[in-house]
Amino acid sequence: MDASTLTRQAADASTDAPVQRRPSLAALLKKNPSAFTLLLIVLVVLTVALINPAFFQLAVLFDIVRACTTLGLFALGVMIVLAAGGIDVSFAAIAALTMYSITKVVMTWFPETHIAVILLAGAVGGAGLGVLNGLLVDWLKAPSLIVTIGTQYLYRGILLTFVGTVFFMNIPHAMDSFGKLTLARHDTANGLHAVLPATVLVLVLASVLTWWLLNRTLMGRAVYAVGGSLAIAERLGYKLRSVHLFVFGYAGFLSGLAGIVHVSSTRLANPFDLVGSELDVIAAVVLGGARITGGHGSVMGTLLGVLLVTLINNVLILAGVPSTWQKAIIGGFIVLAGAVFALRREK
Amino acid sequence: MTSQTTSSVSAAPAQEFLRLQGIHKRFAGVHALRGVDLTIHAGEIYHLLGENGCGKSTLIKIIAGAQPPSEGEIYIQGQRVAELTPLASLSLGIETVYQDLSLLPNMSVAENVALSEQLVHHQGRLARLFDRHALNQTAARALRAVNLPADADFLDTRVDELPIATRQLIAIARAIATSARMVIMDEPTTSLTQKEVDALVKVINGLRANGVAVLFVSHKLDECFAIGGQAIVFRDGEKVAQGPIQQFTKAQLGQLMTGKQLSQERYRVDAQLHKPLMEVRALGRHGAFEDVSFALRQGEILGITGLLDSGRNELALALAGVEPARAGQITLEGQPLSLRNPGDAITHGIGYVPEDRISEGLFLDKSIRDNIVTTILRKLRGKFGALDAAACQRFSTDTVRQLQIATPDVDRPVQSLSGGNQQRVLIGRWLAINPRVLILHGPTVGVDVGSKDIIYRIIQDLAQRGLGVILISDDLPELLQNCDNLLLMKRGRIVRRYAVEGLAESELFHDLVSEQSQES
Amino acid sequence: QNKPIDIVTVVKITGISWFNRMEVGVKEFAAANPGVTTRQIGPAQSDAAQQQRLVEDLVAKKVDAIAVVSMDPPTLEPVLKRALDRGIKVVTHEADNQKNTLVDIEAFDNTAYGARLNDRLAACMGQAGKWSSLVGSLGSQSQVQWADGGAANAAKKYPKMTLVDAKNESANDAEKAYAKAKEILRKHPDIKGFQGSSSLDVLGIGRAVEEAGLQGKVCVYGTGLPSEAAKFLESGAVGGIAFWDPKDAGLAMNKAAMMLVQGKKITDGMDLGIPGYNKVTVKKGPGVGVIVTGQAWVEVDKKNYKQYAF
Amino acid sequence: MTMKLKISDPQLLFLLVINVAILLVATVFSHGDFLDIYNFQSMASQLPELGLLAIGVALAMISGNGGIDLSGIGLANLAGVVAAAAMPLLVAAPDAAPWTYTLGFIAVALVTGLLGGALNGWLISRGNLTPILCTLGTQMIFTGLAVVLTNGSSLRISVVDPISAIGNESVLGVPIPFIIFVALLLLVGWLMRYSLFGIKLYLLGTNARAARYAGISQNRLRFATYVISGVLASVAGIIIAARTASVKADYGNSYLLIAILIAVMAGVRPQGGYGRMVCLFFSALALQLLSSTFNLLEISNFFRDCAWGLLLLCFLASARVSWRDFFPNSKAQLRKS
């Protein structure tokens, strides 16, 4: 048989089926789901700037970047879990448990601890709880949504029953000064300071690390493999347990960091904080192009999704929306963004 | 790629690579393998033959480490392997093309083909760097070996954007991407065209020449004869025969596999074609098929064939209302139809048995009964609009009896049936609507000889009762054994029409693979 | 008669400083009154529905008296009615619109409290300029009354003050309060004052002000707890706070409950023997019971906050 | 055949055991106080709000394709708020026409729920939105609109006899909300088991593609699912309004996760195709029993959260340990989330 026809035919087959091979806008968007998120961000920015030109100032940018930090750390963790085909709703409880316990321990016994040690402790503590999630998911062979609903209740219950409920106004000195540390400072015309806090660096580093893990290590590839199909990945030799432990552990790791960053930047440790923000984070990640069904998600997209959600949450007063209308407007926007995203999925 | 070191082995007397001893596999309630002894030598080709559900895939999964045996011992190169994990199996050089392909839909072609190499190289440890350059190189080499393009664009394409035939080739490419010692192929040719199969045969011969053992599973006996090697015949989880395949005749193999005599005869006899039933005029959907016209009479079995991407799939989907046509007209008994969705087709008595019974047909963990009555729920309504449970039970039990579906009761999940029985359940579902036209798309893909026989008899019986049957298939003997008339499609158009009676397979085959593209 | 009087205090949410302080009062009351057992419970989330369920279970248990700090008075009406029907004595706090209560204890008049905070804010602002207000949630009756009381006060007395973007919701979250304050600062760079309502509001606003380097230029007043707001009072980011001592409120509620169980009445001008409730005014409430109002509010600033250790 | 299935259902068995265990523990530790008729009435009237919302969540999950309904409690509140705001305009003197007021209230609330559910259904089935994203958004829209209508504070409704009866009275000792809940649960259970809707929904949830090929119209089914869920939410809203004599935009904001908890503990499969209403009932009952027991025994409410979490994990563990060998397929089914 002549092999050349076969090659041609196979090549035909491979190019015909995905018809949109032309370099059109539609094709670009299809290949790059985060482009949609970017588009939405630009739209919001333009709209708000039109309503209130005061929006265009460095100070607002600083505020928004700052507000992204904790949400961003959570979102990266959730994204990696989604990419591996799971879902995690316990991350906020992990963050709350680690940040509060660590603050309490440091305050009570080691008030002079260096911030690096505290961050490390947060990361390790969070990773530990995350690994427990991973072990349970792996051992119980149950959907991670169910498992993490269980551990969410468990972690929060443990925190509030056994660790404490009263918030600390006085946080360890190291955390306080970490929260105040600034990267850049900008004085507005009317004498207001706007600062870009150093806590943002944690998000930047975490993003770089996440990107590197996902794209440059075998583990990163394994995450997508398992997200693509758990059964197939297993039979191709991927160790599911390692992947489960890794993704949930890593999500926990980021949550632990997020908790410490949260305490440092709010400069108080409130055990009731953070829990309740789970769905917003998941919404941000999904708006960043990850899929609930697994196997997809990128660092860039996730950061854009976070930016989009933060933006919506932080421009309503600037845009002059009365406080009673704000919730409905945010909801409307999420639906709208979801609809735009759904258009992408249709051919 | 196949390694240099093993190629020297082929000259020497064949070495034992793998030995299975007393392998049993029990699933809850099923004894799938019953004491299998098997030896695989390097540089030899083996054909694992047997009916659906006789345990072929199970055996393969055990060798590949995907499932542990319940009992029995595995020796590889003389060494006993206590626990064979997928990774261990891969490390020992056993590569598998699974029946379901086992490709990761969300990952790129390159990753699907070559990521395993790096995984195995690092012994499954994931805390290692990933080498994209090496990945692309390995992938490109393997893809070229199966005649797929290897440019950067194709390497980066996501697998779920590719047609099934290309995917099957990618799965094969994965198996030969690294220096395997043994390659297992579980029905690798189900969606390949003859040309692609021929190319695969070359690949297999290349492997053998390099001292690689090949374990090949196919229900298409002709392929097996063409490839040559050892035949291993399974029946009900036991090995019943082994020997050079050329020593057997097809009939013998069939008998060994089923335990009964099978006919090679034409099933279609005494055709009685009645008045015109369905007429399709200038049907088209841009980019899929154009200007398709044909007529179907009551009691007629009309075959449609063509290579992959010939538009026959799309035509079938249009007739079933799944992806409606944009141009042209369909009339049924003189009435023009508009088929916008499968519901419309059902209303007009057009039934469609889809090609991929797992993803398009069955509700695997639902009962056989639910799977059969799916299309006639409305008719089985009783009091208060509720489903009449007794009627459902009666109806599905009748169907099970008529179609000889092997199950003690209809409450079992349909996934507990073997392939051939599942297919019959699906056919039963469509017979339930009392169709005037029944479209069967690859009704015997992955179905063994015994089940095929039953399915063909059912088809004949339907035609006898005055239905119009459209049989879409690329199994030429199947078409020749069953049809009255036959349409050949290429590039979305009908290029030739045949009356099947007396048509020779060689002529049909020649037309199928020739470059001719205009209807003559 | 031998059975001790069983009084249960139900708070809005359990565990936070405010209600821990109240629990001190609740326990103190039992210690001081033999023959009375008291305890305090509250939901784990700030949700009116959860509080309603707790009260429901107490009614089923048939305790002698229930003292409730209502999350949302109207939602508790039917269950409190059932309590009364079952002979359980009901005392409420922060619920002057509660109908099914025998005694509602108010530390002070809410509108007057809001106005008073606003007066202090105005004094700091020089009675002129833009100001804004925050509330924990729009659903919180008393906090909205304080914010509205402040707004009405300013509208009446200080024509040069303009209220902008009023009643922003902070969701009882210091971080959200901070973000809202920041956004208001961006929108109105010339803003002069903030009035907070939830005890977490001043913490968030204070931080925003401090970060912008506006201590002393922007005035921040609101409800708060001395221990929590200390940092910002010291730095000058928060000018002053006001509160009432939850411990005393707890004592007052339990006292009233005990008196009800014993069949005694609270009359106008009575001394409950608790600071701030030495000369209570009693007026008829919207329902069957009375509203007992004290003069229990406390105003502190940088100078004197240390006197209060909670 | 039905009996055989019922007993062999591991979820149901587990839930029954749990319910009995909690009941026993509560009785022993409370020295019998728990077995008070009033206590049971009280629990029975607390159960329906959450139970109805959980049915909505369960239906959405069963429909597959990542189905979930996060907007239930938001819609319940909105339905109550719209009715409470609209009725004074329609019926000037509620006390003079109590029945008109009540029926009007119910009608307006139901229509609101219907429309809200239809919005969800339309967005998800036609607009192709990811259910979790869509219902998160609409949840905010519903709550937000209720805030706009009420300025956030609670709104009292006219406590006329019929409406108050819905929330607070009993028939033969059984609280009316409970009767409503059980009736609706039975109705939905019947629908799921015997009606074309239910059977098709299970099939759709199991394999959407196969359902399409078999002529089952997904869009219509999904739409109907969310509409039913919306209507159930509005019934919850009516019960809440009647039981609290008021409506409020953010009442029950903690119900969102609890409703999901009830559904998953009932064994509803998050990826679709499976879920039983009997199990849902016992799952809701278990949580209610546990919660009331803890209140009775004066155990911290925070610890209750712990216990719920543990209970759920035990439930999963029990399925893993003892029934694995008997249900080889459950492993594969349970896997992916």
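Read from first to last, the chains carry the letters A, B, C and D; within each, the first residue is number 1.
Heads up, the rule we're going with is that a contact is a pair of C-beta atoms (placed from the backbone, for glycine too) under 8 Å apart; a residue touches a chain by one contact, two chains touch by 3 or more.
Predicted, not measured: the structure shown is a model, and the values here were computed from it.
Enquirer: Count the touching C-beta pairs: is B-D or A-D ahead?
Expert: A-D
Enquirer: Averaging each chain's C-alpha atoms to get its centre, pick out the one most distant from subunit B.
Expert: The most remote chain is C.
Enquirer: In whole angstrom, what separates the CA-based centres of subunit B and subunit D?
Expert: Those two chain centres are 44 Å apart.
Enquirer: Just give me the whole-number Å value for how far the CA centre of subunit A lies from that of subunit D.
Expert: The computed centroid separation for subunit A versus subunit D comes out at 30 Å.
Enquirer: Averaging only over C-alpha atoms, locate the centres of subunit C and subunit D and give their separation in whole Å.
Expert: Centre-to-centre distance between subunit C and subunit D: 34 Å.
Enquirer: How many angstrom between the C-alpha centroids of subunit C and subunit A?
Expert: It comes to 36 Å between the two C-alpha centres.
Enquirer: Mind pulling the residue numbers of subunit B that touch at least two other chains?
Expert: None at all.
Enquirer: Pull out every residue in subunit C that's touching 2 or more other chains.
Expert: Touching at least two other chains: 14-15, 44, 138, 169.
Enquirer: Among all residues of subunit D, which ones touch two or more of the remaining chains?
Expert: Expected reply: 147, 151-152, 300, 302, 304-305.
Enquirer: Name the touching chain pairs, please: which are they?
Expert: So the chains that touch one another pair up as A-B, A-C, A-D, B-D, C-D.
Enquirer: Could you list, by residue number, the parts of subunit B that touch subunit A in their complex?
Expert: Residues 61, 64, 66, 85-87, 89-90, 98, 102-107, 111, 115-116, 118-120, 122, 124-130, 147-149, 154, 157, 161-163, 165-166, 169, 193, 195-196, 198-199, 202, 287, 307-309 of subunit B touch subunit A in their complex.
Enquirer: Would you pull the subunit D residues touching subunit B in the complex into a rising list?
Expert: It is residues 1, 190, 194-196, 199-200, 202-203, 206-207, 209-217, 273-274, 325-329, 333 of subunit D that touch subunit B.
Enquirer: Which of the residues in subunit C end up touching subunit D in this complex?
Expert: It is residues 14-15, 39, 41-45, 47-50, 52-54, 56-62, 72-79, 82, 86, 137-139, 141, 144, 169 of subunit C that touch subunit D.
Enquirer: Using the touch definition up top, name the residues of subunit D that touch subunit C in the complex.
Expert: Going through subunit D, the ones touching subunit C are 33, 36, 38-39, 41-43, 45-46, 49, 147, 151-156, 159, 164, 167-168, 240, 243-246, 248-255, 291-292, 295-296, 298, 300-302, 304-305.
Enquirer: Contact residues on subunit D for subunit A in the complex?
Expert: Residues 66, 70, 123, 127-130, 132-134, 136-145, 147-148, 151-152, 257, 260-261, 264, 269-271, 300, 302-310, 312-313, 316-317, 319-320, 331-332, 334-337.
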